[in-house]
Structure formats: structure tokens, C-alpha cells
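Consider the two complexes below, in which chain A is the common component and chain B and chain C are the respective partners.
For the complex of A and B:
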């Protein structure tokens, strides 16, 4: 069984609770043991690195040091934003001078010996696709899905080192494995407006609106994301976007773990479909019921 | 020995940071130096005269000149010394410009270093021996590899100059990339109308033998006496009888393979004549798709051919030719833009290359000269051109400028408006590079008269929206993002070296640069020569070039060939390796190591194996001399003793004051 340190990230405790619970559930179902990092703290999210790189790296390095104290070298997080911070901190600490500056701020120095990957990467690279296929009880056939990775899951490529930075396929492949019809989504790595949601709603309306528009264009019944912020902008703000752009989008936006869990037959309570703002029932209804064995 | 030393000022180039008179005075203290002076310009006529005068007056046996690089003037001074009655190898040069005055600013240190370099040259010269060149005859015939416009020009010029020419072309017809173009810049005249007559001349010239569907298999020999083997690939058609009537092409039922002449925009029959003006106008079978050759049934072409020239049994044929000189004109290939994921990696049908667009514009192309986009055959209204795809981009290892894309893009923008008057072209560019005659005016015309919208900035991505493509890029002059809805996107792909160029270069002993383009002898003074004597370059195999430059180089290479072959006898460079048979144990290591194949195994009169250097092939690189475990091979003019003497002059051995 694969054992890996787990960093849920702050949003996993609040806005994207359903991402966290569904992630834990599918990992368990796929024999990936997630060990919570004791006393983990916020990675600094977007604000910290806009103010001070050393401080921002120190926030992440503290968490990495916690992983080291667990005697582990591999960590994972569902949130691409946390991932960016953790990986960027490691990347920068490859420079010994920078590492010294960071460690000067920490009680327990970070050795920079932890490799952090997104849960998606762990599932894509460390879990045998045949194992996943074998565990599918409710194939997703009948639903058309646009996979949306967001702009930071795979970029910059020299830091993230996962999949392709312009045309990633990990989520597409996973969804196809579950039996969904994956439509080619040309804007899969475009920005949704990210954390401009509060200061500059107009930017989010424009950028996220474009994504919804493109998804409708390619005939998707639903969008699947891997990022709490993307999910929030596309789902929670879909009404605002409709108002601002005089549109009428009604495209549910799932976490890929939710659909994965659905296909694996995991208890609905752990998948948190009821937390989605855009009603997913129409889309889920498209999934054909498995043929009863005669 | 009596040695004279001349220290050149090179104006202020050297004298500015080197005390030349003092270097000259120091040189007088070196062994065997009987005369030493400094001079303003040693290479000038008075400068050379002074050297000649000194040789005569002082009865000198050898001369050292301390000046610029030997690349510049070694030949000049060798000839001067020769005019003074000495052997040309009784001369040495010290480079006190590039190695001293240009790189150091401190006069004291420079003066010291210059003196030491002169000392090295003197010590070397003391061990020089007169060397004599050998003379040999040449074969009056030239091989031109590549039948694009540069090769065609070179072949015609050589043939007109009275030489026999063998022209070898890999494709079925000559004409190269130019034959695929619709119009040419900046005159917008029809490409095949300009090229066609030249192609016909090739076919009709009594001095030219043309092999198409052929490749150079191996090259041996040396300048004046190359032995070349050409592989004529099986075409399954007896070309001696084929009349090019095209009946077979019409009847062939197999049309599954993309047509390379039309840049894969459409399919071609398995037996084909690539285009109406093809030279030679003969049919050839594509063995990979022919039903008869792959499945053993069909043979329709053989049935309809009125002269019965189809031969399914035909095999490749090897032809040996002896030539005196070789012109390489293998051209270029287009950059494979699928390396740009942001442009769709081939997922969007309406993103095409500039050369595909040429085929769409061309009356002999797959659409009969109507611009129709590949996805649905509709006439595009908004056409977006993206420049520098695979040029000036480090991220795809193509940092160089391809040179002609700015111009052909302007031409295509103009032609688009001609074909579709209510269309709008957009050109995303980085800089406009149009330095040729009438070139900049041409680009201006595309902008001003034809209304092409030029946007400075790279395109970040292309994505489909409905039946259009959205081209998103930056406008770095306006400082904004722009999005253009396009019906068709044309990528101005850059040039890269032709496939197989490196392998061909190995056969010809011509070095490729890091991008696979062949390296010329000197970028300014020997642009069509290579470092292998008798092998010349023309056209884009040396670097991306447009048509006028390629034609110019074709003629230049031809003039070099004619100059070379006009001599009855050639002289070989005597600075080659030589085997001392007494020391040679015949291990053959040198034979394996010589990159030029210049050493052969022989037997002495007792039947012992020995090595022998073929003077005319040896390039004097010296690799063999360091390979030989016996020290049996020495490179004339650069023997171990001569080089050791130079080293000792710099750092005198402590133990033996006079190490020899």
C-alpha cells in the first residue's frame, strides 16, 4: 500500500470541504494511505509571495519540515495553489543561500528533502489504471465532460514537472477510464481569474465566462476541475457571471474526485454533491444506469 | 641558420598596446636571429617589399612575421618569402594581434607576451624544412547534389562553362521547394514560370546527366579525383521508355497516401508524376502504397501503359562516377511546428503551414488555386499569419532567424487579398526583417495597399470556437492582449537543415554546425568553399536563404568549380602526415582513426604490414600522429620536435638548458 503525507490546505477545511472528503475517500478506495501532517499550517496562499519570497517559502518550508519529522519524503495535496507554494519553496531552496535565509525563520530547519505532488499526479502515476478500472461499479458512460486543469497545476513546467504544460491529459485519461466521454477542451489551462474574485469581479466574470462559454461550445454536460479556486469561480460565481455577461450558463462544476468516487460507488455523503451551487442532478442523470445482468 | 624578424604595428591595432620596437629589439637576442625590425603594415606592398629586400640583403634563410592571424595573411607572407627566393615553408607567423593587443590592455604585459610568441615562432622556424607540393591531374566532371534552384543554377553554370555535370536529386523531379511556390517576392512573378525554363534547360543540356530518385551512397577520393557511388532507387517504371503520358496515373485505383508534393493536403495515386512541369516527366510507383507491390494484385497501370514500361521487378541500381569537384545544394526542410502545443499540435485542421498555403494558392495545387480551408472547404475571410514559428525561439532550439519568412508572409498577405478581395489578413510578427533589394517596400505595400494588419507580438494560443479559431496574442506596441477570430491560420514556419544532411556531411567530410547546416570555410571570404578541398556549398544547405541568394551562391559555387577544374594540374598541400617505415609496426591504429580515410595499409618488401599516407587525401589534421603508439607518423611542418621547441621556448625546461 502506498503511504504518503497529506496536506489538505486551508480551503479543504472550508470552501472545498467536499474536495477534501472525496479525495480521502477515493484514495482509501484505491489503496493510497494518506497520513495527515501533524500541526500543518497555511502555506501562505497567494498573498504571502506577493509580499516577501523568503517569508512565503518559510511558511511552506515549515510544513515540509513537519513531513520530514514524520520520516517521510513524499507529500501530496489536492490544491494546486498549495502545491505551487510547496513546490516553489523546494525549488528555491535548491539554492543554499536562499535555504539558509528560510531556515533562519524556522524553529525546526527544513532539509528540503520532500517531494510534493498533487493528488492527481499520485493517482495518475502511482496507481495502476487497471486497478481503477477494476473497481469501477458505476461507469460514467453517457456524460460529456470537459476537463479543466487551471493555470497552475502544470506550470511553470520546470517547477511542477507533471504532465504537459499546454495540453495536460492526466484528468482526461482518468475520466475516460471511468467511461465518461471526454470532449477536447481547448482552454484547459487558461486562468479563471483566480483570486481576483473579490477585488476585481469584472476580471473573473470575463475570464471564467470565457471558460464556461468554451465548455458549452464543445458540448460538455459538466466541467471537472482539480482546483478549489477554479471550482469556486466557475460554480459559485456562475450566477454572477450570467448577470454580468447576460448569459444563461448552467454547467455543473465537479471536482474530479467527486466523479471518481461516484464511479467507484463511494457513499454519496462523502462526495458532497449537495455542496455544489449549480445543480448537478441533470448532468448526473445523463449517466446511464449499469445494465442489469440477465 | 639566418633568421629575419618583422614586428608589425598594424596601424594602432597592435602598436596601440604593444611596444613594437622593443619586441623587435628583444628578438635580436634570440638564437639565429640576425635581423629584426618593426614595420607599419607588414602586409602592404612596401611592407612585403621590405621583407624581400631584407632576405636578399641579409642573406636570410627564414622569416618570422609577428602580426595578425595566419588565417588572414599566412598565404600573403608565404608568397612574399617565395618571391624572395626562399621555400614558402621557411616562414612562421606569430599572432600578436588577436592573441595579444586585442585582448590585453596593459602595455608592459602585452610587450612581454608578444616577445614570447615571437620567440616560439623563431624556435619553430629553426626546425622547419623546405617542403615541396606534389602535382596531380584532375577529372573534368562535377557532381551537383540537390536539384533545387541553387543546384540547378550551379549545374547550368558549370555545364555552360564546358564541364560535364552529374546532377543527383533525391525526389522524383528537380525543382526543390521553389517548384512548390505559387509566386515569388518581391516581384510577385509566377514561381514555376521563372524556374520551369531552367528545369527544361537541365533536361536538354548536352553536358548534364540527371539522376532523380537518387542519392549519394558513398564518396571516396580527394579534390580533383573523387569516386562517387550513386544509388538510383527503383521507380518500377522503365524511364527510358516512359513518355509521361499520365494514363497510368489516371487509372491507378490506390489513392491512400498523402501527396508530399502538395504538402499532404490531398492524396496522391500510387503511380504518379508529381506536377505538370516535372523534370523528368516520368511516372514512378510509391512502393509503400502500390497494391501490386504490397498485396500482389492490381497491375492496372501495367495494363493501360501504351509503351509497356511498368516493371514491378525493378531493383535499385548503383552507378559509379568519377568527378573532380562536388557542389552540395541539398537545401533545407521546414520546422516541424507540432512542437508548439499552444498552436494545437495538429489538432486543428485549419492551422496550416506557409508551404501548404502556397499549394492552396497555386493553380496546380489541390484546390486549383482557390483558397479553401481544409476543414470544410469554405473560403476564409479572416486569415491570420503567425511569423517566427520555429525561428528565433530558444525554447525549441531554433534561436536563429530563418531570414525569408517575413517576406513570404507579406507576399501571402498580398496574394490573399488578390484572391479574396473582401478578406482581412492579420500578421503577428516579432520584427520585420526585410533587408533585400525592394524588400522593405514590398512589406510596406502589404500593409498600406493591401491593408494587412500587422500586430507585433507572439501568439500565446490558438483554440477553436464554433467553426472559427481564436488566435490570442499580445500586441506589444499597444501593450494589450488581442484576440482575432480566424477562419484560417497560416504558420510561417522557419527553416531547418535538410533531413539526412549530417549523414551526407559525413560522407563528404563537410562539418555541420550545431543545427545541421554545413559550415563554410570562412563566413566572409570563402562563403561557398568548405574545409574539404573540392567540395563547395550552394544555397540553403549552408543556412536559410531566399531564392536570389541561393541562385547567387549556385553561380558562385560554379565559378569556384570552373576555376578549380580549369587548371591542368593541381598542387597538393605538402603539410601532410608521413610514416617512418622503420618505426611503424603496422598496427593499423592510424588507419582506423583518420577521419579522412587518408591512410592505407601496405606491405614493405619483406611482407611486413606498414601504413602509408595518401598525400592528396590527407588534410593535415594530425589526429594520426597522436594515435600512433610508436610515434611513427609525423605531420610535416608540425612535427613533435617543432611543437616541443615551441613549448620549450615558452617554458624553458629547468633541468636541461638545451633540450632537443
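For the complex of A and C:
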């Protein structure tokens, strides 16, 4: 069994609760043991790196030092924003001068000995696809899915070192493996408007609106994403987007772990479909019952 | 079109951006790839490639006063696609740091949001979304921000009423404290 330190991220305790619970459930089902990092703190998210890079790296490095104290060298997080901060901090601390500045802000110095990967990367690179396929009890056949990765899970490639930076396929491959019809989605790494939902809603309405429009164009029944902020912009703000753009989008936006969990037959309570704002029942209803799928 | 006399270039500014970003801005030959891929250009006053040119030509005021550096979403499209491997998003970040330090905040709501977020982290060790919203609304005066979304998030239990304070929150607070003492050279 693969054992790996787990960094849930702040949104996992609030706005993306269902991402956290479904991530834990699918990892357990696929024999990936997630060990919570004790007393983890916020990575600083976008605000920290727009103020100062040493401050931002220190907020991440406190968590990397916590992983080191567990005697582990590999960590994982479901959130691409946390991932970017943790990986960027490590990348920058390869410079000893920068590392000293970071450690000067910390109580416990960070040795910079932890490699952090997204949960998606762990599943794509460390779990045998045949094992996943063998555990599928409800194939996703019948549903058309647009896989949306968000902008920063794969970029910049020198730092993220995962999949392709313009045309990532990890989520597409996973969904296809589960039996879903994956439609080509040309905007899979375009930005949704990121954290501007609150200070500049107009920007998010426009950029996320473009994504919803593209998903409709390619005939998707649903969007599947790996990022809490993308999910919130596309799902929670879909009504605002409709008002702003005079549109009538009704496209459910799942976390990929929710659909993976569905296919693996995990208890619905852990998948949290009821937490989604755009009603997913119509889309889920397109999935053929197992006997028909045979 | 603006006319700028290159003899007036503030070379100290160019050098500072280069030193703080560890990037060589001289290699930018204005191909426009960064601007072509930037999803935020519609909201910018200067496009990314224009910012790069302003940095090259040492036009400190124009850069630090512009809106674009506050609106960059750090989506890394420019950095990923630069043919000369310039980390353009990092340069945008560094320009925003310098604007903050010199007291500019052309997109005030963006600055207030970042400040409210970090204040929440400093106090609780983790981001406390509901407290962050309250603080943002009070400080920005935009009290109706997203009130239309409140029923949806509350009904679905997506916004806990209480923060999740951690044992190490004083350690986190000390990171901020030491950072403030060290200033920009932290």
C-alpha cells in the first residue's frame, strides 16, 4: 500500500468539503493511504505570493517541515493552488540563499526534502489502471464529460513536472477508463478568473462564462474539474454568470473524485453530490445502469 | 500613442525588477506571445508585453501605477509560452510587490481582498472563509458582495460559522511578525 502525507487545504474544510471527503474515499478504495499532516496551516494561497515570495514560501515551508517531522518525503494535495505554492516554495528553496531567508521566518527550519504532487498525479502515476478498472462497479457509460484542469496544475512545466502543459490527459484517461465519453475540450488549461470572484466578479463572469460556453459547444453533459476555485467559479457562480451574460447555462461541475467514487460504488454520503449548486441529477441520470452497459 | 524619450529611462528600476525576479528582461523581443495567451487582457490597461517593454525602458511610474499588475491571475500562460524562457508572471508579481511597497494600489478591492485573506491566516493559522468575507466587506465598503450566493453556500453547509484554529497558529503569526521586521528583504 502506498503511504503518503496528505495536505487537505483550507477550502477542503469549507467550500470544497465534498472534494476532500470524496478524495479520501477514493484513495482508500484504491489502496492509497493518506496520512494527515499534523497541525497543517494555510499555504498562503494567491494573496501571499502577490505580497512577497519569501513570506509565501515560508507559509508553505512550515507545512513541508511538518511532513519532514513525520519522517516522510512525499506529500499530496487535491488543490492545485496549494500544490503550486508548496511546489514553488520547494523549487525556490533549491537556491540556498532563498532557503536561508525562508528559514529565518520559521520556528522549525525546513530541510526542503519533500516532493509534493497533486492527488491526480499520484492516481495517474502510482495506481495501476487495471486495478482501477477491476474495481469499477458502475461504469460511467452514457455521460459526456469535458475535463477541465484549470490553469496551474501543469504550468509552468519546469515546476509542476506533470502531464502535458498545453494538453494534459490524466483526467481524460481516467474518465475514459471509467467508461465515460470524454469530449475534446479546447479550453482545458484556460484560466477561470481565479480568485477575482469577490473583488472583481465581472472578470470571473466573463472568463468562466467562456468555459461554460465552450463546454456547451462540445456537447458536454457535465464539466469535471480538479480545482476547488475553478469548481466554485463555474458552479456556485453559474447563476451570476447567467445574469451577467444573459445566458441560461445549466451545466453541473463535478470534482473528478466524485465521479471516480461513483464508478467505484462508494457510498453517496461521502461523495457529496448534494453540495453541488447546479443540480447534477439530469447528468447522472444519463449514466446507463450496469446491466444495460454490459 | 505615448512618446517616451529613452534617455529618461530609470535604469535603476529595470535593474531592481531583474534582481528581484532573477530574470533578464533584455531578452524580451516583443513577440507578443504572452499577450496573445493572456485571458485578462480585456481588463488590463497595459497588455503583458507592454508591461515588459515599460520595464525594459525603465518607466517606473507607468508600471507601478497601472491596473494590469493587480489583475494578473498568475495563470502562468505567459511564462509557459515565452520563447525566451522569461518568467513573465513572476515579473508581474514582482511589480505588484514593488507597487505595494511604494503605496500604490490601483485596484483597491484586489489589495483589500489579499489583505483580508492574509489577516485571517495570521489570526487563525488557516483561512477562515466567513470571517474573511466579513472583513473584506467592512474594509472595502462593498457590503453586498456575493450576498446573492449566501443562501446557496449556507444551505449546503459549505461555509462553517467558526474558524478552525490550529495549535501552531502562534507559529504562523510569528512568520508574519518576522516578515514585517525584515521588510522587503525578509
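Simple rule for what comes next: the second predicted complex is superposed on the first by the 291 of 294 C-alpha atoms of A that agree within 3 Å, B and C clash if a C-alpha of one lies under 4 Å from a C-alpha of the other, contacts with A are read in each partner's own complex, and residues count from 1 in each chain.
Keep this in mind: a contact is a pair of C-beta atoms (placed from the backbone, for glycine too) under 8 Å apart; a residue touches a chain by one contact, two chains touch by 3 or more.
Being a predicted model, the structure only gives us computed values, none of them experimental.
Judged by the touch definition given at the top, the superposed model places A:107 against chain C, while chain B stays out of reach.
Between chain B and chain C, more residues of chain A are touched by C. When both complexes are overlaid on chain A, the residue A:184 reaches chain B alone and has no touch with chain C.
When the shared chain is aligned, chain B comes close enough to touch A:164, but chain C does not.
In the superposition on chain A, contact is made by A:15 with chain C only, not with chain B. Legend: residue contacts after superposition of the two complexes on their common chain; A:214 is shown touching chain B, with no touch to chain C.
By the touch criterion stated above, A:248 is placed in contact with neither chain B nor chain C. On chain A, the surface touched by chain B in one complex and the surface touched by chain C in the other have residues 165-166 in common.
The part of chain A that touches chain C in the complex is made up of residues 10-11, 13-15, 17, 39-42, 44-55, 58-59, 62, 101, 104-108, 151-152, 155-157, 165-166, 189-191, 193-203, 206-207, 236-237, 239-240, 274-275, 277. Interface residues of chain B, counted against chain A in their complex, comprise 341-342, 345, 347, 461, 463-466.
Listed in rising order, the residues of chain C touching chain A in the complex are 39-40, 42-43, 71, 73-77, 79-80, 87, 93, 96-97, 100, 107, 109-110, 112-115, 117-118, 121, 125-127, 129, 133, 136, 140, 145-146, 148-149, 152-153, 156-160, 164, 166-169, 171-172, 174-176, 178-179, 182, 184-186. Interface of chain A with chain B (complex): residues 164-167, 184, 186-187, 214, 217.
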